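Below are two complexes that have subunit A in common, paired first with subunit B and then with subunit C.
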Partner chain A sequence: MTPATPDHRAAPAAWWRLTWWRYRQLMGVAYAAPTVFFVAVFFITPLLLVARMSLSSWPLLTGNGGLNFPKNYLSIWKNALFGPAVVFTIEYTLIVTVLLIGLGLGLALLVQERGRWVDMLRTVILLPVSLGLAAASLLFWGFYSPSIGPINPILEQLGLIHDPISFLGTSLSALLSTSFLIVWKYTGLYMLILLVGLQAIPDDLFEAAALDGASRIQVFRHITLPLLRPSLALALILCVTGSLLAFDQFYILTKGAPDNSTVTVVQLIYREAFQKQNLGTSAAISIMVLVALLVLNTVQFRYLRSSEPGLKR
Partner chain B sequence: MTTTRTGTLGRTPYYVLTGGLAIIFLFPLLWSLAASVSPQASTGQVNGFGLGNYTTLFNYGAGLAQFLLNSAYVALFTVAITLAVSTLGGYAFARFRFPGRDALFLLTLSILMVPYATLLIPLYVLLNGLGLQNSLIGLSLVLAMFQLPFATYMMRISFEAVPRELEESALVDGCGTFSVLWRILLPSVRPGLITVGLFAFLAAWSDFFAPLILLTDSAKQTLPLAVANLRQQTMGAIDYGATEAGVVVMAVPCLILFLLLQRYYVRGFMSGAVKG
Partner chain C sequence: MTTPRDGLAVLGPALAFALLMSNYVCSSKAQIKPEAFPLAALAAGPATYGVDDGTHITLWSRAATQARADALVKAYNATHKNHIDATYVPTDDYQTKVGAAAAAGGLPDLFSADVVFMPNWTSAGLFTDITDKIATLPFAANIAQGAINVSTWKGRKYGLPFVVDLSVWMYNKKLFKAAGLDPNKPPTTLAEFAADARAVQKLGGNVHGTFFGGDCGGCEVFTWFPIAWADGETVMNPEGTESHLNSAENKGIYATFRSLVEDGTALMPDTKTETGPTWTGYFPKGNIGIMPMPASLQGMANSSLADADIGVTPIAGLKGGQATLVGGDAIGISRDSKVANAAWNFLAWMVSDEAQIEVVAKGGNVLARPDLANNKYSAADPRLVIFNTVAAKGQTPFAKAFGATFNDPQGPWLVLLRDAVFGDASKIDADNAAINASLNP
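Moving on to the complex of A and B:
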């Protein structure tokens, strides 16, 4: 019935190709379906829910009590712990970031060459990275304790101290002791990230610089540092984000003591939710942290991308 | 002769420095092992060296065996879910074009940008709604979700690194896309699978915050949570010995896995660092 056209033989091929393309598309959707499910149920839904909780009265035990915006957000400013927690978290982040990136870079430069001794050293520095943060915190909880901690006896034996040091007793010593734990646990990670960045720099650049008679410091400032920028950016973002969200180490080591001077922002979120049993204010602080983090990471990203390599130190 | 002397002298500070570093990094680990078997007043090990602290741990609460079982269950389940979802997802992102592909990939990666606590507070409520409150499966599903950004990214670049010719002849021969994945691609992406599995295991085995919020039943606690609670529940004197024994039990599988799979561990971070 249909008139024979020149397309007569091509049509089935085109049709076949279309169905094949369709089929591939469908298979793609099918393989991505579990990811869609996880992202939708365990990521998008909780995000929407936390936003709604932050706008509602939501006691832990009785659940949703209806909208009460802006009460939860206003109550953050009345919370006497909020300001100190923000200040403490920022202090902690600054200390830990400077130490981790500085030591990580130093160690990366130190273990650059291969060799049996260097390989062993690298492995030893990486060992604590594989430990869980909670396990490491519990380890140091004993390590710093007055009853079984090994440091005070050693120092007393050496005659360096007369009275035992209280590692977690004052807010300053607790901050420094916790920072040491974090440096011990994570330096290897930052060493590794920066080491990979160092090894990605082509060797001929260093050779050319050596031929031109550049000093070690000049090579470091004008070749190593600018070319290490992507790795440094990654390390910085990971470190700042991780430290701002610190929880386990303080929950286990100090519980906020002494006098709530070592309460971090995430600890505050936890306390609001499970001690004060107020999910609404807890969600409001969570949202603020999320927004702060997004802004901060965008700024860090922009700055690290846009600034001219080699001009900044 | 002089050159050898200055040579060794020149290297000496280097060995002192690196040797000192090695000691600093090893000392706490070795100390916790020693402390867990050393005698100490008001612990399970009062006289001489021995395993008294491990006995305390064994008999605490629902028992060490139960907590180990809970942790192993959560870790293995998390690894299985993470591997399944990220393998299928990575395959989809690397080899298929479909509407919303790039948006979905970005959305998956953006899980990394959201603070843990921001998601866990609503997840606590959400899992209650799903009837998964206080369940190890619910916890594993949540932990697997937190693994997805790294795992999906890793599996995507692993699949993309496999040459297409490998599977094209099979497709022409009429092999289905799944049998291509199963028989041809999976063996080629084994390093990626091991890396993803290792990271998921370490994360799930060690996680503290998610079990703290999502598990309320003390018999369902995972090991880190149980050991952290152990020190608070001992009345009067704090049992540091049992705590360090718990640290050793938690650390040993991580250290063994790390030493066995070190090169995959390094590879995992390499792919992350290149991305930045």
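Moving on to the complex of A and C:
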């Protein structure tokens, strides 16, 4: 934008341009205002209240009972379920992230070509994404149930098993059964994210590599993967964050069973608030998780961004 | 995409958290002021039966007991000028909803509670004191006392029995016959229960001796606590602050069920994995010999279990005796109600002879008035008489921190129960210490 010129013939235009600029500034503020409003009302204010709650004695039924810092935070360390919940949440996150990103990438590579059956395949893989997580969890709870589930009777009819499989009965089977649900539900989403990234890679790079006699593996390692990095970064952050906040699937499928071996951190937050009716300790755990996520996301971005220029070479 | 917008991505999870928290925020705007009870409104109203002048009364209850609660509401609306607007809340969300409404001063006129949660709510001052109103009822002494006892806080009464649920033993008469047992001689001790289950187990095939919800704390509160009570023993002190769940009596109960699990009489792996939602679904399938069940025959009979084969007997102790857990819902007038006298009209009618016989007994359900156990409807089915007479021998456990201790899937009672039956039984004493800690937060 050039400033107004001293030329008097241009003055009306300059006058108009200035106003237009100011008008644009005002428009900018107007456009941003709803977002600012919603962020302030639905994010900043609750966050401050949660912070205050975490510093206060705040029973669910009787409300604010005044400051008691640092009691809520100290009680986290005395909570016997906290350590195992953190370990389990991380364990679950690792399993699910490896499976989702790996399978998502594999499927994206598989369906990136055009073709009639490919369109159908994409749709089929993507369909579960449109289902709500709670609804999907309830559906799988029915499948896995030893009392009403259809899977065991079918497998028994086929003669594949003699004794029914206890899908949610042991800590390992409960973890794997829940991971299976999540993989079924979300692989399509990660396939889509990575597919968009794949299709953004210019074809001439692949052609040039083919002319140079590069093998398929070399093309994947030195062209596809580096150029897919931004999409992979997005997928990774979404997946890790989502998994660390896992709640619905475990709340519905396992309720933390068997023997508290599938309790996630967010389940603990819920338990403190609504079973033990203590919003103070619940808020304290929330704040801890928020800080952990901020640190983790920052580290992920730093790592992924700092390595980008090197890869552009 | 080459420069990810880290601001947004960091905000994402943070926003998710803030939204999660905003739920708590809403429920914390107002504080509870116990002195704000509309006592003046109560004192001014007509005694005994309240007023029936066309007032609209709001009522909340949980979905689990909706059928029986709604039968009472519909009958009341059909016969009174007052009108009850009932809302049935999904059971798992009910505590949360009441908690949020309590904090915001938005409780309905009447609301019910699973009886075990009553102390938690009466102690927080959510209900109006109805001690004097109950005393004016001519049949006050005949109302099932279990629900009233748990609705009493510091000597004042806040609730009446709304829906009554009992635990009994149910046995399959057809399987008893096939196993060579007398279908008209149900067990009278826990040892006989186990022996009968083992006899049925010998039939083999897909028939099993017994079943219980082994990963469900509430199920065993409902069905094992009465075993100790039948022997005259206790599970807690009356104040609900000290657990006796590691007593010799209770250890004997766990040992019996442990042996049924170990020798395969209890259906496995279902017994070990049942977390509660389907535990009552097994007996009606017709292949379980004997197991504890809620006392309701509604919808039990089907193609694989004839009504005539459903045997009912009271829960017995290790040595004998009879007992039950009087569960279900208690109901009271909220402290926020502006129409307490109209709301009381519903409560007084609800426990009257008329409602109990023509609505509750007619529907084949357990009465809130044990004195009416022998009525024209129960005469047709002796099992209903068993339900109603055992109700008089029932107890309701009392503890302020009941939910977090016994119903919570991550609570300490479930840890004790699973160690005692499936795991390392030597940990019972240590687990009991955890229960004591939970009872005294």
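The definition used in the following text is that the second predicted complex is superposed on the first by the 273 of 313 C-alpha atoms of A that agree within 3 Å, B and C clash if a C-alpha of one lies under 4 Å from a C-alpha of the other, contacts with A are read in each partner's own complex, and residues count from 1 in each chain.
The working rule: contacts are C-beta pairs under 8 Å (C-beta built on N, C-alpha and C of every residue); 3 or more make two chains touch, one makes a residue touch a chain.
Owing to the predicted nature of the structure, the values given are computational and were not obtained by experimental measurement.
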First, second, both or neither for A:A257, with subunit B first and subunit C second: second
Contacts of A:L47 with subunit B and subunit C, given as first, second, both or neither: both
Partner chain in contact with A:R305 - subunit B first, subunit C second, else both or neither: second
Partner with the higher number of touched subunit A residues, subunit C or subunit B: B
Which superposed partner A:P164 touches (first subunit B, second subunit C, both, neither): second
First (subunit B), second (subunit C), both or neither touched by A:I193: first
Partner chain(s) touched by A:P128 [first = subunit B, second = subunit C, both, neither]: first
Touched partner set for A:L81, first subunit B, second subunit C, both or neither: second
Which of subunit B and subunit C A:T62 touches, first, second, both or neither: second
Contacts of A:Q277 with subunit B and subunit C, given as first, second, both or neither: second
Subunit B and subunit C contact sites that coincide on subunit A, given as residue numbers: 42-43, 45-47, 49-50, 53, 63, 145, 147-148, 197, 200, 230-231, 233-234, 237, 245, 266, 269, 273-274, 279, 282-283, 286, 289-290, 293-294, 297
Residue ranges of subunit C in contact with subunit A within the complex: 1-4, 6, 9-22, 24-25, 27-28, 30-32, 95-96, 99, 102-103, 120-121, 124-126, 215, 269-270, 272-275, 278, 281-282, 403-404, 407-411, 415, 418, 423, 441
Contact footprint of subunit A on subunit B as seen in their complex: 15, 17-18, 21-22, 24-26, 28-29, 31-32, 35, 38, 40, 84-86, 88-89, 91-93, 95-99, 101, 104, 107-108, 111, 113-119, 121-126, 141-142, 144-145, 148, 152, 177, 202, 205-209, 212-213, 224-225, 227-228, 231, 238, 240-241, 243-244, 246-247, 250-251, 254-255, 257-259, 262, 265-266, 269-270, 272-276
Residue ranges of subunit A in contact with subunit C within the complex: 42-43, 45-47, 49-50, 53, 58-64, 81, 145-148, 164, 166, 168-169, 197, 200, 230-231, 233-234, 237, 241, 245, 254-260, 263, 266-269, 271, 273-279, 282-283, 286, 289-290, 293-294, 297-298, 301, 304-305, 308
List of subunit A residues in touch with subunit B within their complex: 24-36, 38-39, 42-47, 49-50, 53, 63, 107, 110, 117-118, 120-121, 123-135, 138-143, 145, 147-148, 150, 184, 188-189, 192-193, 196-197, 200, 230-231, 233-234, 237, 245, 247-248, 251-252, 266, 269-270, 273-274, 279, 282-283, 286-287, 289-290, 293-294, 297
